[in-house]
């Protein structure tokens, strides 16, 4: 397969996943903003979220005040914000368009429909759109794309490149969301275990469609340790870091088998997976959750880089 | 149906009689309820849209997302008619290739005084970089599109030759596909020669010109300028049909003696490039230094025999309008045969006598720019107003060498669906001749039809449409 | 005369490039006026290939380097025995017809001024021999374009150079080509090396001049910058429509970067002292 084709498939998937993450962040922010401000009027959840997505400066320059309305515009509709839902959907569809002959008509339809509906939403009067509508639309559109890929695409190398896009981006996004919550949102360590802490966790879980799953799995009190376990180490939760890395390895194995050529990406993913499989929540907290997550994101990006070098440039080093 | 207009050859009617080849079709259209007709017309349009076949035919410009109208009434050639056309087309394609091989090597035809040297060597399409190069099998133009018009029962004229990268073949294939889906019965009632062998014939042709250095089955690719090109659909369609990669310049690179394709399994050698980009953009180290579409070093690999480029750079010198006049001479010179297909009589404004005649008869002539293509910079005398004619008179006087003129041709007509039923409309034909180890021609081509009543312009940018083209089996 | 040449081109990129590709025409061809005793072209860490002799009779070859590359050096050197043929190119095997060199490029394209200059140069010479006419054109260029470094750029056209009235050998050559075209004489750009003498104008070891196709004689070199025809002090490398088409090295890199090129050419009479000079 042409490296450029593989690259388009891979990035199409990454952008789909990223669109969903931005919508989740928007939801977390909106819900947190509803909470009473206990930080003495200085705390601003929105800024925290923008900081987490690395776009605070851009936002300030363009909009100034961090009002929800501006945030919605910025994170959902703004074509200049590369991480906005709209940018991600457009980029995903653009990547899809280039490799259209490699997609089933269902997959193309899903991508194209998302793109057309987004244009429609953009034309709709804003007072008629609630944030929940926007977030739900995003997860539906992304689920449709993911679903048609899963249900209709041939299980060839292209399929695995799309899935690598999903799993690598997903691992990164879960880690990022968790980091936002723990490192950025909570005003200070003294709030750990407080009511605010609890509520924020619930919000986070909700935004990841994981609230009920969590309750089923852990039954009872929400603690930082349990949440961390759930989002990092739980083998059942589809968005946990461990599951995402496991999926990444699975697709890398498929590629290596198909090409009859093992890759460095496999070994990198295998060692990251081994580390997670052995990890325990206490050790993670000993290391520091933020430090752990930062390290994880680095390792995950490392795998992505090897994938890029090995397969997507066409000229393996 | 009314009696045919005597001024134009009607391909279906002889006087009031329906010709044998069209009898089934005439019955078919007569029995078709008008609501079914519009239903089918709509269906056809939907099918075209769904496959995404929206592009302009080579050099016509215009909106690339535009759909070219499809007329459901097929155009029919009898086996006899086609036999003669086929021989003529193949003959012409062979002569054009012999000419290219000659002008980039010994220039025998110039030495023999049959073609003036300056028309060849001073031609914009002449590539100095190709002199002395001998492409595999000495074939230069692998896909020759020959535009033909018909003016009588046995009278065909060649309007122009396309030796570079003629497009539109995807229409020929899709038109047939759609007709077979919508009217399968027609294909039971009539014995219609299939055209779907085109893709494998194209593959065979390209494979047969693989470089000597290539061992085993050649790796063939189609090189496209990218998705924003108006013929991108056709590029990806042909790649799909042949099962070869559709690549852009950025997917290829040169190293050592070969050209390589960047794949997920590492570099893969490329043997034959069916390029759909212009010469000037192929290689910034040989042609335009600012080309972003090309592959640096490709021309050196090609010229040293590491890869084959189809068509050969510089092949355009054979299809230039100034060269056109000499094609019958080429047939005689290289093949020692009498030309089967005739040229339209052409006046060279560069010649004093011709120029005088042209200026005196502008109202009756079609004037074309030598280097232009596809209906732009063209004067259709009988359709032009006074101001337009005067404009061209000045242009010709200023730069006579840039213009040629031809009599207005009485293009044949084929029945075409119109609001009130069917009516004759003028058509032309572009068959696609493949030149490799063998010269092959699938029985059919792209018929373009001028949908506006009385119009002689078949270009899609000016109200032209397309039709399925049938060749009846023996 | 035996001339020793050392021609080093060093490219430095301020940001490493992903890939570098060059097409080289750095090999002097065998002609009556020159015979190669020894010649080599060296590149570091590069893959070379696709060598062939082109229709103009020049050996051409590709060089590629897979990045990251921050600098790259091409060294051509060798020993060539030359003799004076009064500028006439003899024994050069080429297949491009002279008439292919009648058409201008963006750089050598004709303007009304250039046509007028050609007419002025040839005034009263209608009956003169083709060779005399060619000399007249070369003389006109020598008279009307003063040698002056750094006043023109690589992209300066023939028309601009003539209007400005100054330039370097590249400009003299472009103007002469254009004037020849105006007079319907095939003309082309030639690159090569020259052993400078004390009185040679713009003593550049890396040099360019024009060849005009003179009826009855064939290609004849004219060095308008030096008011002479190439002799045993010259080594001919390659030809083309204009400077860019004839360039001994045509290259391109993959990556956004600033490129600094440092060329040094040394031509020495192997029997005498060395002479060297650098150009930036």
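Each chain gets a letter, A, B and C, in the order it is written, and its residues are counted from 1.
Here, contacts are C-beta pairs under 8 Å (C-beta built on N, C-alpha and C of every residue); 3 or more make two chains touch, one makes a residue touch a chain.
Just so we're clear, the structure is a prediction, and the values are computed from it rather than from any experiment.
Measuring from the mean of all protein Cα atoms shown, which chain centre lies nearest?
That would be B.
In terms of C-beta pairs in contact, which two chains are most connected?
More C-beta pairs are in contact between B-C than between any other chains.
List the centre-to-centre spacing of subunit B and subunit C in whole Å, with centres computed as mean CA coordinates.
The separation of the two C-alpha centroids amounts to 41 Å.
When the centre of a chain is set as the mean of its C-alpha atoms, what distance in Å lies between subunit A and subunit B?
50
Which whole number of Å gives the spacing of the CA centres of subunit A and subunit C?
Subunit A and subunit C have C-alpha centres separated by 59 Å.
Among the residues of subunit B, which are close enough to touch at least two other chains?
253, in rising order.
Residues touching two or more other chains, restricted to subunit A: which are they?
Answer for subunit A, listing residues that touch two or more other chains: 315.
What are the residues of subunit C that contact at least two other chains?
Counting only residues that touch two or more other chains, subunit C contributes 66.
Provide the residue numbers of subunit C that touch subunit B in the complex, in ascending order.
Spelled out, the residues of subunit C in touch with subunit B are 19, 21-23, 47-56, 60-62, 64, 66, 95-97, 99-100, 102-103, 241, 244, 250-252.
For subunit B, which residues count as touching subunit A in their complex?
52, 227, 236, 239-240, 245-248, 250-251, 253, 261-267
List the residues on subunit A that touch subunit B in their complex, please.
The contact residues of subunit A facing subunit B are 1-4, 6, 97-98, 100-101, 157, 161, 255, 259, 261, 311-316.
Taking the complex as given, what residues does subunit B use to touch subunit C?
104-105, 107, 117-118, 121-122, 126, 128-133, 253-258, 284-286, 289, 296-297, 299-301, 303-306
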